[in-house]
Amino acid sequence: MTDERNRHLLGRSLPVAGVGALILVLAAFPLVFTNPTATNFGIITLVFVTVASAWNLFSGFSGYLSLGHAVFYGTGAYFLVVAAKDWNLNGSAVFWLLPLAGAVAALIAVPLGLVALRVRRHTFVVITIAFFFIAQLSASNLSVTGGSSGALAPIPNWASATYNNPFYYVALLLAAATVVLSVLVRRSRFGLQLRAIRDDEDRAAGLGVRTMPVKLTALVLSAFITGMAGALWVYFIGQAVPQFVFDPLFDLAVVLMAFFGGLGTIAGPVLGALVLEPTQLYLNLQETNGYTSEILFGALFLAVILFLPRGVLPTAAEYASSEWARKLALRVRSRRGRTDPADGEGSAAAPVGSEAAGTTR
Amino acid sequence: MTATLRAEGVSKAFGGLQALSDCSLTAEAGRITGLIGPNGSGKTTLFNAITGYERIDAGQVFLGDRRITGASPQRVFACGIGRTFQLTRIFPRLTVLENMLVPARRGRSSRQHRERAMELLAFTGINGHAGAPAGTLSFGQRKLLELAYVLVADPAVVLLDEPAGGVNPSLILHIADRIRELNKAGRTFLIVEHNMDFVMGLCHQVTVLDSGTVVASGPPDAVRNNPRVLDAYLGIEADDD
Amino acid sequence: MASEISQAIAAGILGGCVYALMAAGLTLIFGVLDIINVAQGILVVLGAYLSYVLSVHLHLDLLLGLFITVPAMFVIGVAIYWLFIRPLRGAERTSMTLLACFAVGLIIEGVLYREFGSNYVSLTTWYTTATVHIFDFYLADIYLIGFGLAVVAIGVLYLILYRTTFGRAVRATMQNQVAARLIGIDVNRVSALTFGIGTAVTAIGGMVYGAISGGFTPNSGYDLISRLLAIVILAGMGSIGGALVAAVFMTTVEAVVDIWQPDWSVAVFYLAMVIILTFRPTGLFGRRAARAQ
């Protein structure tokens, strides 16, 4: 049916074109909006795009909600700070520390995952919360991390007008790479197993899926990216202080973004971050009392959970496709003048049988 | 390449309730064996015990001459035993085809895996829904999907838990036909069912369970007329001793 | 040294009972509703602030104030359940309810910050600073009072659960929600009331915490919830008795460790939790992971 093939092609090329356009827009952004505040927003937003996508890669696909991803973020951040100081690095050279920071975060994800992934999902969330607090406690008390006053990142000697740009482009690169990785994972057998685990872990295990290695790998990947994001952010901000590096609001914001956009989808976290982060930053600028954003975030979260539980994108897609499917069915009906048996009404008759029944009217 | 599945002396208690006492059951290689009994007789528990979803208190389970007592569901699956569930357990958010691709590939390339998946979907008749989320399937279609995906891994022994339960008559015949075809190709079947016509018309051998014990075992006709079986189902008093 | 240790142990046991009460509330909510109420920490802080307002602005004695704060928190709990948790359904229900609790907690924290700022406040009356002389160390009166309150509250909880029809309904729902529904138990009502009870205990916990802690802010909720969660995980979800034991045990160990390493003493909670989880994922006394996700 050429109609279907055309629809299929359109369905595939449209998103690709859209994504290409988006990347171009994002790449041109700092050249158009040279105001440092704007690029500031851009960098932080892109960092959130990265972290939200990375979080979704693990939690969205596997169904294990992690409220402790700040651990990986913070580990990457502190590693960068400590390494930059110990190895006396500055300027662009520091960017090469990012993959290392990610690797360190990925490394600690292994023991964490081995402990945390053996329990049911309820308990898993709680354990991630506990790990979060352990990390915060450690950062506040250990001398290597500078204790509760934190540690400083090197400040590069770049021209103040374009100071933000290197950070921006690295952030953009990281965000794009994360999205690409998400796509690759989703299409792979690994991603399939992960999603099967999400739907029915025991059944998946019973069918030969090796659940622990699969979950752990996803966690490690997610941690790797989150660690890199944390390192980038701390380099940009200039210092790592335990309260801000390990901030429960950060975790919640990331989760909210993924939920808002659509948990388990690829574009969802991206959309969520692109919409919510600038909003939060803007609100923080307007309101002197920073706690309003807390209340608003909480309220927004509740609203999303109660009214848009699947997130914006899946709900919109469903609405659009059901509208679209209805119009198609109407057209088919009027053209052929009979009821289409494959109307999607979910009768319990055998498919073979019903097809036969339909044509012998 | 099929084998005989044998449970010997299996006992299982849940707290104070003795769900299974000293059950022995044989599903002979290449035959279709039925497992029937009133509600609460322990049929699903026996299934769970055999396939590793429940730990048993006593007894042994053998596949051929291999002891698989207490094996985890993964190991049971790896040994070549597939099973379906009474309340279908599919992956609702994955598409029908993706559901088929979840079971381990066992050395096939991904293309061969896909082709086999589509073959099996066609075999059971739901290939038209291959791209739809499995959650949108009707109950009967889900039963077919479950049947299809346990077959993906080529199990030697297939355990079906109420394959005809809640399914409309024309589909039941369809399912029975498919089972017969698969059996002719050499697969062993053990089927739990309530639908007497289905069981009697399909199975070579029938075992009856009542309150956790085996009360009868034999060809369908013999079992159908067995007074102990009637007693179990209808509460009719057996002849006085 | 010996007296320091015995003092720490005594304080630990007494304080532990208060934590036990709050953890019991958490476990109860989990057992009946299958929810981990991560807002429990901030609710305790809310209870503390309520006591604070009554004490400072209305000059009401702390203990008398409980007669107001406990029902108030009960109502708040029921409201939270009815408005934000009851409507949640679907496959992701467990995650959603947890996140909903998190969000509610965040809102409460934000409101508290707006109302009270981030300064430390504490509850003080004549008996918060008075001490009693036992053996060779001093024990703050408030610890004994807190202990007494906790014991009474836990006793009342026990009576409710095991001696009333309502309590029977609660225990039935804990064991099997579907069956409970089938025999006519209004599971929604039971859930709402249980959530209310689980929250009401935070009023008591809040008052004692506010007096013992030597100063709290809205941020204190995090510290509290992390301890409560560690207790409940260590004990195993759904075991109230286990929560009692775990709470007393951990608080005591922390108090003793605090003598040498005050910065890391709270790490005791986490360490214990991680160790237990590595070897027994369902906790010391927990039910085997039988619930579907």
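Letters A, B and C name the chains as they come in the text, with residue numbers starting at 1 for each one.
Methods note: a contact is a pair of C-beta atoms (placed from the backbone, for glycine too) under 8 Å apart; a residue touches a chain by one contact, two chains touch by 3 or more.
Values in this document were obtained by computation on a predicted structure and should not be read as measured data.
Averaging the CA coordinates per chain and comparing them to the mean over all protein CA atoms picks out A as nearest.
The chain with its Cα centroid farthest from the Cα centroid of chain B is C. For the pair chain B and chain C, the distance between C-alpha centroids works out to 47 Å.
For the pair chain A and chain B, the distance between C-alpha centroids works out to 41 Å. Averaging Cα coordinates per chain places chain A and chain C 33 Å apart.
Multi-chain contact residues, meaning those touching two or more other chains, do not occur anywhere in chain A. Annotation for chain C: no residues touch two or more other chains. Counting partners per residue, chain B has 92 as the residues that reach two or more other chains. Looking at the complex, you find that chain B touches chain A at residues 51-53, 72-74, 76-78, 83, 89-94, 98, 101-105, 110, 125-126, 128-129, 136-141, 144, 149, 153, 167-168, 170-171, 174. Those residues of chain A that touch chain B in the shared complex are 189, 192-193, 195-196, 198-200, 202-210, 264, 342, 344, 346-353. Every residue of chain A that touches chain C in the complex is listed here, in rising order: 63, 65, 67, 115-116, 118-123, 125-127, 129-130, 133-134, 137, 140-141, 201, 248-249, 252, 255, 259, 263, 289, 291-292, 294-295, 297-299, 301-302, 305-306, 309. Chain contact summary for the complex, chain C toward chain A: residues 30, 34, 36, 38, 84, 87-88, 90, 92, 94-96, 98-100, 102-107, 109-111, 113-114, 222, 225-226, 229-230, 232-233, 237, 263-264, 266-267, 270, 273-274, 277-278, 281-282, 289, 291, 293.
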